[in-house]
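Heads up, there are several structures right after this.
Look at the two complexes coming up: subunit A is in both, with subunit B in one and subunit C in the other.
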Partner chain A sequence: MSWADAFRLAARSVLRRPGRAALTVVAVALAAALFTAMLTMAATAQGRVLNQLAKGGPLAGIQVAAAAPDPSQAGVDNPTRGAAKPIDQAAVDRIARIPGVDVVLPIVTAESLVAWPGHTATGGNVVGPNNSGSVVFDQLVGVNLSRLSDFPVTLSAGRFPSPGSVTQVDVTPVLLARYGITGTRTRSVVGSQIILGAPRGFRSADGTPVFRSRWTKATIVGVVTQQAGSGGVLASLSLVRADQRWTAAGDLSVDPDAAGSPYAGLFVIARGLDAVPSVRAAIEAVGYSTSAPENLIATVERYVHVVEIVLTGIGVIALAIASLGITNALLAAVRERRREIGILKAVGARDRDVLRSFLIEAGVMGALGGVIGTVLGLALARLVAAIVDGYLTSQGLAGVHVSTPYQLAVATVVGATVLAVAAGALPARRAARLPAREAVEL
Partner chain B sequence: MTARRARSVVASVVLVLVLAACGSTATTTSTRPAVTGPRTTYVAVGGSDSVGNGTDDPLLDAWPQQFFRHSLPLEAVFVNAAVPGSTVADAITDQAPLASSSRATVVTVWLVSADLLDGTPASTYATQLLQLLRSLRAQGATVLVGNAPPLDQLPGYPACRDGAGRPGRGLRCPVALPDPATLAATTSAYDQAIAADAAQTGSILVDLQGAVATSVAHGGAPFLDPSGADLSTAGSTLVAQAFGDAVPAGTRHTAWSTTTDRSATSSVLTRRKPAASARAPTASAPTSTHGNQRLTAWWVSHRRSSRWTPD
Partner chain C sequence: MVGTALAHRYEGPSGAVPVLVGATFAVPRDGYAALVGPSGAGKTTLLSLIGGLERVQTGTLEVGGRDVASLVGDELAAYRRTTVGFIFQNFGLLEALTASENVELAAVLAGERSAVRRRRAAELLDAVGMTPRAAHRPGALSGGERQRVAIARALVNSPRLILADEPTGNLDADTSEEVMQLLESLRRDRGCTLMVVTHDRALAARAAQRLVLDRGRITSAPTPGTGATGERAAGP
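Up next, the complex of A and B:
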């Protein structure tokens, strides 16, 4: 008997009892769906939690401050910083040469007035009478916008500014809150225009200080939560550096805390989470304070791994139960087809031909159930994620996004098929051992 | 339900599930191009009128700020170099260097009031203005120069004409103003000097004389603030619009004619004229708070202790 004949025989057997076959496939599909959905949701939740811990940046990200390290804080995720210490290009180059460092990304900041005509801010640092007005004092945070995915930045509305743009910015919920804009209303600011004013101090002829601003217009293209630097406006390096230059060229110092540092900080990405401790130690040896949530991430990863093991176990148990259904269905088929099997044997079919036919039948049901279940499971995971995403974004938080776990999908289908074949082995062996005389006796 | 129909229904459901499972989250994209190229740098050279004295919010309502926001492209940069009470002679030493160091590509010059009040002769004014415009034009900047508004036509003028120290109904009259004929003659001489200097240097003349006269004739909203000494917010809008209309097409931002501010300006021109006692001729008021002064005062009071130190 050829493979084609075996397939034909298996298909005929399935189609002869469609109800039983359908129920068997549904059982496998439900188990596969449960398995896929649980693991997809677990992976999504893990990604969300770790992303939250890394503030949207890479897990192996290390923040370097323009400050000396405090020796007593070695190994602490968020240590207190020592005295201010400028980060110059030489320091950047030294850090970039540290073994285990993948990339060093500069962060620049500039003091700036933020004017939003038509909106009124209240509270501290508002330039106006009674701490109320449309102009607030804040900081611009400049990063390489083409590498935003490497920074601890999470987008909650709109999009990121185009790389190199000097007229597009993102703003933070903290800045918007100063204008009384919170929650879902933050989305409405996308497309608005704000005016940014870099201050410069001049000494007038009589010695009194006068401040003038270098004003630029910018369109808000998104709302972000960012930990790259301290400031309410995220912009391109070129925009922030231009403001920095203007302010620094003044007769009066605007921000002595900056200590003349060309960089407000650095974001260093290590080659993997394991390299983070050694890279941090090396950077601190160079003379700068670092912070990274490495200990927290490691702890959370351990707990999440335990959860994954438990969920995988539940899924495997469900698939095993479904496989027992296949065993049961095939045993019933063997009982009903004793005469047919006897006839096959009588006309020359060998034991292995009968065995192959039943294993193919089991495998087909397992594979079909696995495919349907995987698709169902992914759809279910997306549905749950959409509900969670809707809730989070309604709260003004970053949403969740489910990626399609192709490896998991393939593994589920293959696993369901293998389990089904294994479950069909017993009835197949029983069928193969039936003697040809069964056809006559029955 | 036939077996064929059942199969087609099942196939459809499976297809939908496959599509749902394989769908990707849509990302927001923008078709608006990002601006990364060279920028228009605008510097305002002027006196009290240019720093926002008398407006509701000097940092945002000063006419150069309004001109910058509505008449210049999105990528433009703006520095307000104006100093209250500045004459043309002052501006040559105090403001022109800033325009030069900022590599200004567009400069507005509106310096009339202080020279008028100081009694600078028209010939001297013409010479000094020519020097200023030449220095600005030498940098390759597009220069827009405004002429004198019709001071004698402003409703507050009669209240202050009798002389300083006799402010009428709350008005602050900084100096004794000449009689209408003398004032008109002086203003006319200044305007002729401004027009001649603009023509000689290739600068663009902005006819504020005509714009303000039209506004007054149509009973527009007060050009000056209630003190009578400074431009009101509406007056600043009117001046900004006049300068905006004079900007060359290649430099102009088209938003001015379509924004609500244009409507606001129209309403300025058509609103009923308030009582004459609420107005006065334009004049500098060194003691009032303008944008940069407000910023400086705020800075010193809020930032000095921790972050602000003169070096």
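Up next, the complex of A and C:
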């Protein structure tokens, strides 16, 4: 008998007792759902925690500061920095050539005044252009917006500015807090217009130091928590560099900080977590202080791995119990179908034909339960994630994202099928050994 | 088909129970034999030995020159599949399959291609007058219809030997007559050997050869009279 014929025969036998088959499949499905949901939630939680540790950037991300390293802080995740040290293009090129470095992303900052028409800032004692509300001093942080996913930046409302745009910005909750906007209210600022002023120092005719700003309007398109640089406004590189150039063209005797480092910092992505320590050491050898949550991530990963092992164990036990249900159902089927098995043998079925038919029955129930359970489990994980997401965003925090773990889904279905076939082995063997005489005995 | 000194016993709770004690018989190729005897005489056991449902314990049994006692495992299954066609008193149809699928079953087990076995099943169902009921499951068929399907199934692999265990035991007189006529006609057309176990004297009288089994022995194999089929025994 071919596999296809054995499959057809097994399917007919399963369908002949739909109630029992359904209950058996439901048991497997519930176990598979539990297994999938637990591991999906564990993976989501792991991703969320690690993302939190990496501040939304890649786990192998290293922040390079425009400062010399402190030799006593080697290997520390967040070391204290040494003296300020500008990062020039030559330093960027040297760092890019370090083995294990995947990419080097520049971060530029520019001093800026922020005026928000209709809003009053705490401590804002300067009036903006055209009486547009009080002005606060802050910094623009410029990054390559087309590679935002590589930076330690997390979006909590709206969207990121379009790459290359000089009229769209994101703001941080820290800046908004200066205007008294906190919690869920931060979402309401998306779409508002702010005015950014790039200051330039010069001396008046009588030699008095004076600052004059070049004002540009920008639309807030999102709210982010960002660790790329110390500033309340995230914008494109071109916008920030233009402001940087404008400020640097002023009288440096009035504003000495205007001729600072061309790069406020760098964000270096190593080729995997394993490469982070060596890359950090090499960058520090070039002469710059680095920080990366490598030790914390390694510790968290170990704990999360333990949790995964425990949850996997629970899921496997649940599946094993459900598989015993398959053993029970098939043993009952063998008892009921002694005559039928005898008839099969009387018309020429070999022991292995009968064995194959019962194993397929077990496998079909396991696979069906596995598929249904995996879909249920993923749905359950998404439901839980949606509830958690709702809570987090209501608190003004970044939400969680559940990705579909295809490998886990496939592993669950395959695992449920294999366990079911193993559980069906005993009844299948018993059925295969029944004599053909059963056909005439009962 | 030659059985010599066949002995068979079953292990019961109070020890071994002998069922056959030296049964000896012979049925010629293309013969038609009725196996008769009182209940418990060992008729079904003898039929099971001949049909390969049970292994021979003592004695020798040859079917078509083949030593059935030496067959084991897959060889015995192949013997049941290709040499023997079994017809049961209780029809022996699988409830989960349609009439057509039941007929195909033996060909499925023989590894026949789908198209071949479908064609063969259709031909046999047509031969037993069951084409209109081919898609019905056994539960929707009458006793006579079920036995017709069982006959078709027994013939699907063109066996040389047909064994029928009380084929009319669950049928009324008219249906019994129809079924027996069908069986005898198919045997004639296909030129195979037919052995029928029966309690029915009239039915036994139709056979060319009558084997009387009593307390585990074939006590007589009298010269058959002229049966309804008009055949005579070719002799053992």
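As a working rule, the second predicted complex is superposed on the first by the 421 of 442 C-alpha atoms of A that agree within 3 Å, B and C clash if a C-alpha of one lies under 4 Å from a C-alpha of the other, contacts with A are read in each partner's own complex, and residues count from 1 in each chain.
Convention: contacts are C-beta pairs under 8 Å (C-beta built on N, C-alpha and C of every residue); 3 or more make two chains touch, one makes a residue touch a chain.
Values in this document were obtained by computation on a predicted structure and should not be read as measured data.
A.B. asks: Of the two partner chains, subunit B (first) and subunit C (second), which one does A:433 touch, if any: first, second, both, or neither?
C.D. replies: neither
A.B. asks: Regarding the shared-chain residue A:376, is it in contact with subunit B (first), subunit C (second), both, or neither?
C.D. replies: first
A.B. asks: According to the stated criteria, A:221 is in contact with first (subunit B), second (subunit C), both, or neither; which is it?
C.D. replies: Touch status of A:221: first partner only.
A.B. asks: Between subunit B (first) and subunit C (second), which does A:13 come into contact with in this model arrangement: first, second, both, or neither?
C.D. replies: Second partner only, subunit C.
A.B. asks: Subunit A residues in contact: does subunit B have more, or subunit C?
C.D. replies: B
A.B. asks: Touch test for A:185: subunit B only (first), subunit C only (second), both, or neither?
C.D. replies: Neither: A:185 stays clear of subunit B and subunit C.
A.B. asks: Just checking: does A:305 make contact with subunit B only, subunit C only, both, or neither of them? Give me first, second, both or neither.
C.D. replies: Neither partner.
A.B. asks: By the touch definition above, which subunit A residues appear in both interfaces, subunit B in one complex and subunit C in the other?
C.D. replies: Subunit A residues touching both partners: none found.
A.B. asks: For subunit B, which residues count as touching subunit A in their complex?
C.D. replies: Against subunit A, the touching part of subunit B is residues 14, 17-18, 20-25, 27-30, 32, 34-36, 39, 57, 59-60, 65, 68-69, 74-81, 94, 98, 101-102, 292-296, 298-300, 302-303, 306-311.
A.B. asks: Using the touch definition up top, name the residues of subunit A that touch subunit C in the complex.
C.D. replies: Residue positions touching the partner: 1-2, 5, 9, 12-13, 15-16, 339-340, 342-351, 353, 435-437, 439-440.
A.B. asks: Contact residues on subunit A for subunit B in the complex?
C.D. replies: 113, 115, 117, 125, 127-128, 133-135, 137, 158-159, 161-168, 193, 195, 197, 199, 201, 203, 205, 209-217, 219, 221, 238, 249, 251-257, 372, 374-376, 378-379, 382, 401, 404
A.B. asks: Quick check: in the complex, which residue numbers of subunit C touch subunit A?
C.D. replies: Touching subunit A: residues 44, 47-48, 51-54, 73-74, 77-78, 80-82, 86, 88, 92-97, 105-106, 108-111, 153, 157, 165 of subunit C.
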